[in-house]
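The first chain written gets the first letter, and so on, giving A, B, C and D; residue counts start at 1 in each chain.
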Amino acid sequence: MLETEGVTKSFGGVHALRGVDFSLARGEIHALVGENGAGKSTLIKVLTGVHRPDSGAVRFAGAEVEFHRPAEAQRAGISTIYQEVNLVPLLSVARNVFLGREPRTRFGLIDTAKMNRGAAELVGSLGVDIDVTGELGRLGLGVQQMVALARAMSVDSRVVIMDEPTSSLEAKEVATLFQVARDLAGRGVGIVFVSHRLDELWRLCDRVTVLRDGRRVHTGPMTELDRVTLVAHMLGRDAGEVARGGATGFEGKHDRDREPVLTADGLEVRNRLHGVGLSVRPGEVLGLGGLLGSGRSETVKAVYGALPVRSGSVEVGGRRVRPNSVRHALRAGIALLSEDRKAEGIIPGLSVRDNIALAVLPRLSRAGILSERRIDELVDTFVRRLRIKVANPRQPVRELSGGNQQKVLIARWLCTEPTVFLLDEPTRGIDVGAKAEVQALIDELAGQGLAVVLVSSEMDELVEGADRILVLHDGTVTGELAGDRMTGAALLAALAGHAGSGEEGSDE
Amino acid sequence: MTTTVAAAPAGSGGTRARVARVAQRQGALVILVASVLAATLAFDSFGTAGNLENIALQASFLAVVALGMTFVIMSGGIDLSVGSVFALGGVLAAWGSRYGTLAALLVPLVVCGAIGLVQGLVIARGGLPPFIVTLAGLLFARGLLLLISDEGATTYKVPPGSAFRELAQGGLLGIGYPIWIVLVAFGIGGLLLRRSSYGSTVLAIGGQEDAADLMGLPVLRTKVIAYTTCGVLAGFGGLLMASYTSSGVTVLGVGMELEVISAVVLGGTLLTGGAGTVLGSLVGVLLLQVIRNVINQVGSLNSNWQAVISGTILLVVVTAQRWLAKVEGR
Amino acid sequence: MSERLASKPRSREKPERPRRRRIDPDWIRRNGVYVALVLLLAINVAITDNFVSDATLRLQLIQVTPVLIVALGMALVIGTQGIDLSVGAVMALAAALIPLYIGYGTGVAIAIAVLAGGVSGALAGTLVARIGVQPIIATLGIMVAGRGVANLFGGEIKSIRDPGMVALGSGSLLGVPYVVVIAAVVAAVTWFLVRRSNFGRQLVAIGGNKRAAELGGLPVPRVLLTTYILCGLLAALAGVLLAARSQASDPTKVGLLVELSAITAVVLGGTPLSGGQVRIAGTIAGALLMQLITATLIFHDIPDSTAQIAQAVIVVAAVYVQLGRRKARP
Amino acid sequence: NPGTNEEAAPVGGNDGGDQQVVKESSGEGCTLADYGAEKIDLGEAVVGFSQSEPDTAAFRAAETKSIRQAAEQAGVRDLLVTNANNELPKQIADIQNMLSQGVDFLIVAPVNSDGLDPALNAAKQRGVPVLTIDRKVTNTHCADYVAFLGSDFYEQGRRAADALNEVTGGTAKVAVLLGSSGNNVTEDRNSGFQDQVRERYSDLEIVAEQTANFARDEGQAVAEQLLQSNPDIDAIYAHNDEMALGAVTAVQAAGLDPGQDVRIVSIDGTRNAVQAIVDGDINAVIESNPRFGPLAFETAEKFYAGEPIPEDVIIEDDEYNAENAEANIGDAF
């Protein structure tokens, strides 16, 4: 139904796509996978008129098409959820859902009541309970992704393209999303699905196309591939070589008998956190579990001083850290990798190099003058260590693929040589290879005595990576799992137990 | 099926957030009401019907221009040409009035609209920064004005008895037409912003232009319309002024763009776009006008002190506004 | 020049195939302002009498200094995604202070005048960085109040006869006028700040993504404050140089509309108003381009109306050359 | 047609030996009865003065000061002063504000000749007589305003041409520094000059006309450019003193001797410019007399006494040149 033939696209010197053939059938769910920077998002943007291919053709419903703008693709019946959530933060949720096709009254005016009702229904049917008249920007990324999904569902499309829709979603929401996708496919809608959470692919997709370095290297039914072969295709290595890796890159548990290096107590954030406390020992990985909006991101932000707290204390190494000051937190050795890469992480116009060195500039300068040589050395080290894929460290970071941007940010924080590293969704949008690398890195860092707080929506990551898991609900700590009790099932139960609001657990 | 998303501490948070938002957006209104009350108590001649109508009438010219500017700013742009276009509109109206009222109305609207259209096309299609394009527009409109008035030497007069004079000098129910016009225009503007897809698109573009584009909204068209409307409204403001003063004064509108922008921003519109209200801009214009009036009430104040005081008041108002927003927001 | 085209850094991993030898649009984009400058120079050499002389060149350099110095400060502010409308008023204030304190010696008077600019910049910086007022409105208030203060201090126009000031304005060092030397030093220092200093890197980062910079532990308020103070200091310096050159200070007229010229120079030079980048060499070329446009129009005795229209068209054309091919999409 | 009605106004005020001479007055007389205003006693009255431009310009400062002093002299109850900062809408608002504050008599220095209609109408409705000074409005005499007191800018332009002819010996290449575009002072001073040159002085060749917005630094910058592109310029006519003073610096910067190599003539009569004549940098200045205060209150008193007031009361403008500058510098403002 939607096809490309020999599509090539390059940006300056970067060949993002090289002669890619791709085809999507009616009613199929087609996975598109590949490493970071393999060209998935670029292919999607070519399909939907954001970019024009340098050469090659796009065919839709049998006819060759040339979309000049995303609007044209949409009008033709292709609806897309782009990778970086692309909604308007200052507008209400309802407006975001219906932008451009709002319900009208008899007088041609927008029927606000109907729009709000419609949005509430749609969002509600996805299991999200929010005030649809509130500003979208105030919601967490996960909720925003659900809103984007609601928007994509609200139109009758023949093709729905989802670029990493699950990256910020919790198991529950992922299940909802899958349900929606299957319903759509059942009605004959073709779906393109991109994800770095490979397990999801077998649960959902019919076929898969693997991209590597802008080339299509494999297309075939999902069931014919096992995980190892898929990864081997993605990385371009031998299956045998890949096979030894586990589900995650985590190896084992850490030494945890030392005194806590970070202790937070009674953190209060109006309407968000109610007396949250936690402590982490050097070398320990503390997991934070919880449902969407349960306050995990707030907790780490509050510890970092980036979210004003009304009361509560944070101590590092027995010393109280001045509250509500990022600079003091940093100086005390705390670092935070934020979940929202685009809004709170990268500085798009700056080079990769300057983005990495950002937090340690004063250290790399004497009398206010930067030592370019020392910056280069530092940057080179981390580019190699984290295997960041850049043409040149002076390339603007905005040109990197999502996963590589994430690595740049991790490098930024490692430069500060933290004693406590708060990681909010550190593997969000990172490919398998990189994900395993990041996970291994977390292990390694913990092994070197770093205290890590890990927020993740991926159950596996928490269970395998953490030494201990705190469960949050509605801004309070409602449980702790450690040792033998730390299994996927136990975690699920802990989450569900508090979320079911009186009902019999969940039907998962 | 159960709703398993941990809802944000909804209810209270939602309404609280909304209260905060209203306070922030309507901070200017709070300050306007306060200053009107204070001025009424302090000066006998302030609260008189005559004086208040004066304020409203004086504000109406600026308000018309501010309406167009509001949409442009909300779309994330800016229009520096409004002052010159305002003056040009006035001169064209006075010139046209000699050929009848219809000409007095149409000529300025068409020409000023065309200037806005060209600016909009260059900005939207060419992707040039609005600041520079409309700065050039400022020069262009002023140059055009000088060209049609012999380097400013000729001032066209609206012929005595022309119906065109009635437009700004007449009134209904004892209230000048310009005030009515402003009320209607802002009513329409408000509806357009809140209840039309054009308005949503403007806000979406201002909020996140690339997202608006990816959502398939007509970004180019909407921008072009915003600048064209702004040109038309600036020209219309000038036309009203020409009717009010019965002449096409060539020296008008210098620095007006900054006054209009500050009114719009005072009214709570974000200069970066994406948020704001039409009513806020009206409040902003009134606030500026009241400040000016109050300064005059003080009487024989040296003109330099007037500047110092009005600048200071502006700073105090925006500081107070920020403060309100912070207090309510936390 | 095409040599430079070819020698762009290649990626180490995969040497690119040599591209077709067409002018790279990206190259034009980066160097549009220089192209325009060279073009206009060439046109003048061809058609303007008495143009090719070192006296003419020197005159342009002298005349561009005030705008250039202001533009350099403005470039820094724009780099933080801000804007400073108060520069003209600050120039006037500095110029007004000179005659008042010249009795204490040239150096003292200059120091006080320049410091006053720093104070004004500190006020702007505080409003923007600590209170969170939108830069355009904060500096607009200061612009209005600042000119009032300048008038209060300065009173009527005063002539400056102090030999030190006169020498500063008309003397030269090895044939290069002092004012040009000073502008060159300021430009070099600013360039160094932007390219090589911790402060410059932080400034650009804040302009690129303020929230990310905050979370990165950058001293955002301090950097912003410093930036506005620098801009104020430079504007004041420009005011002092202008006063020295005209041997007078006229608080009503000095620096009128200089903010617009400075912003135009900065944008022509390729610094986007959306912040996150500062181009010093481009700013210099932008200021020179503006100066040359004005000079060309005077050389050919173009009447004001036509001159303004021509200026509008040239500015848009120059920015178009600069940005033309770039699609407005990220 | 000017039915001259020579009238020597008495010397007024204690404004430093300030002379006040009416050069001529013309037009039908307008009496209190014609105007239809109520008779009041100036001593009991609140008088409003709407100034057009900031008081930092020497001319405006002298004008405002003169009005203030004369008001004190006349012993009015109160004098309200507003300043329109050169904005017509602000002046309209200013006047309306003063009316609502209950002024009985208005002196207006109009921002512009046209466009004050709403303000004048409001004054008429309240029966408040209006006297305009230094710039005439195009409205109806004796209906919209009582009289105009001021200089004849066109005549100033003609006299500037005469002076330039005198100081250059009749042959010169002249550059003109124009005031701001769209300003009728610019217009009149330009056309008066042009007409006189065309009619009388065929050897004065105008080689360039550029605006310098009445500002000193712009006068300097423009003159520098003109001297560069037109090295044979040997005379400059500036529409005000400030631009002339800027031109002096420009001429010096070009390595020439102002007043000698390049003759300079301007209009205004500020102290700085007259001093420049004394110093030999400027050759002649046509005065534009700002001392309207005594004449204005004189006129008001006469008006309320029932005497007819002529439409135009043209104030005498002096001329400063090499012969008299040193002696008369005390009169400059």
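Basically, a residue touches a chain if its C-beta (ideal position, glycine included) is under 8 Å from a C-beta of that chain, and two chains touch if they have at least 3 such contacts.
Keep in mind it's a predicted model, so treat the numbers as computed, not measured.
Asks: Quick check on the contact graph: shortest path length from chain A to chain D, in steps?
Replies: Each step joins two touching chains, and the minimum needed here is 2.
Asks: With contacts counted as defined, which of the two, C-D or A-B, has more C-beta pairs across the interface?
Replies: A-B
Asks: Taking each chain's centre as the mean of its C-alpha atoms, which one ends up farthest from the centre of chain C?
Replies: It is A whose centre lies farthest from that of chain C.
Asks: How many Å are there between the centre of chain C and the centre of chain D, using C-alpha atoms for each centre?
Replies: Inter-chain centre distance comes to 37 Å.
Asks: Using CA atom averages as chain centres, what separation in Å is found between chain A and chain C?
Replies: One centre to the other, that is 42 Å.
Asks: Please tell me the distance, in whole Å, between the geometric centres of chain B and chain C computed from their C-alpha atoms.
Replies: Using C-alpha averages as centres, the distance is 29 Å.
Asks: List, in ascending order, every residue of chain B touching at least 2 other chains.
Replies: Expected reply: 145-146, 151, 210, 213, 270, 302-304, 306-307.
Asks: What are the residue numbers in chain A that touch two or more other chains?
Replies: 50
Asks: Two-or-more-chain contact residues of chain C, please, as numbers and ranges.
Replies: 151, 303-305, 329-330, in rising order.
Asks: Of all possible chain pairs, which ones touch?
Replies: A-B, A-C, B-C, B-D, C-D
Asks: Can you tell me which positions in chain D touch chain B when the two form their complex?
Replies: Residues in contact with chain B: 51, 54-56, 79-83, 85-90, 92-94, 96-98, 100-102, 111-118, 121, 138, 180-184, 186-187, 191.
Asks: Would you tell me which residues of chain A are touching chain B in their complex?
Replies: Touching chain B from chain A are residues 50, 69-75, 80, 82, 86-91, 95, 99-102, 108-110, 112, 124, 127-131, 133-135, 138-139, 143, 151, 172-173, 270-272, 290-294, 308, 473-475, 496, 499-501, 503, 506-507.
Asks: For chain A, which residues count as touching chain C in their complex?
Replies: Interface residues on the chain A side: 12-13, 50, 304, 306, 326-327, 329-330, 336, 338, 343-350, 354, 357-359, 361-362, 364-365, 368-370, 372, 391-392, 394, 398, 412, 416.
Asks: Which residues, counting only chain C, touch chain B once they are in their complex?
Replies: 85, 127, 131-134, 136-138, 140-149, 151-152, 260, 263-264, 267-268, 272-273, 303-313, 315-316, 319-320, 323-324, 326-330
Asks: For chain B, which residues are in contact with chain A within the complex?
Replies: These residues of chain B touch chain A: 1-10, 12-14, 16-18, 21, 191, 194-197, 200-201, 203-204, 206-208, 210-218, 270, 274-275, 330.
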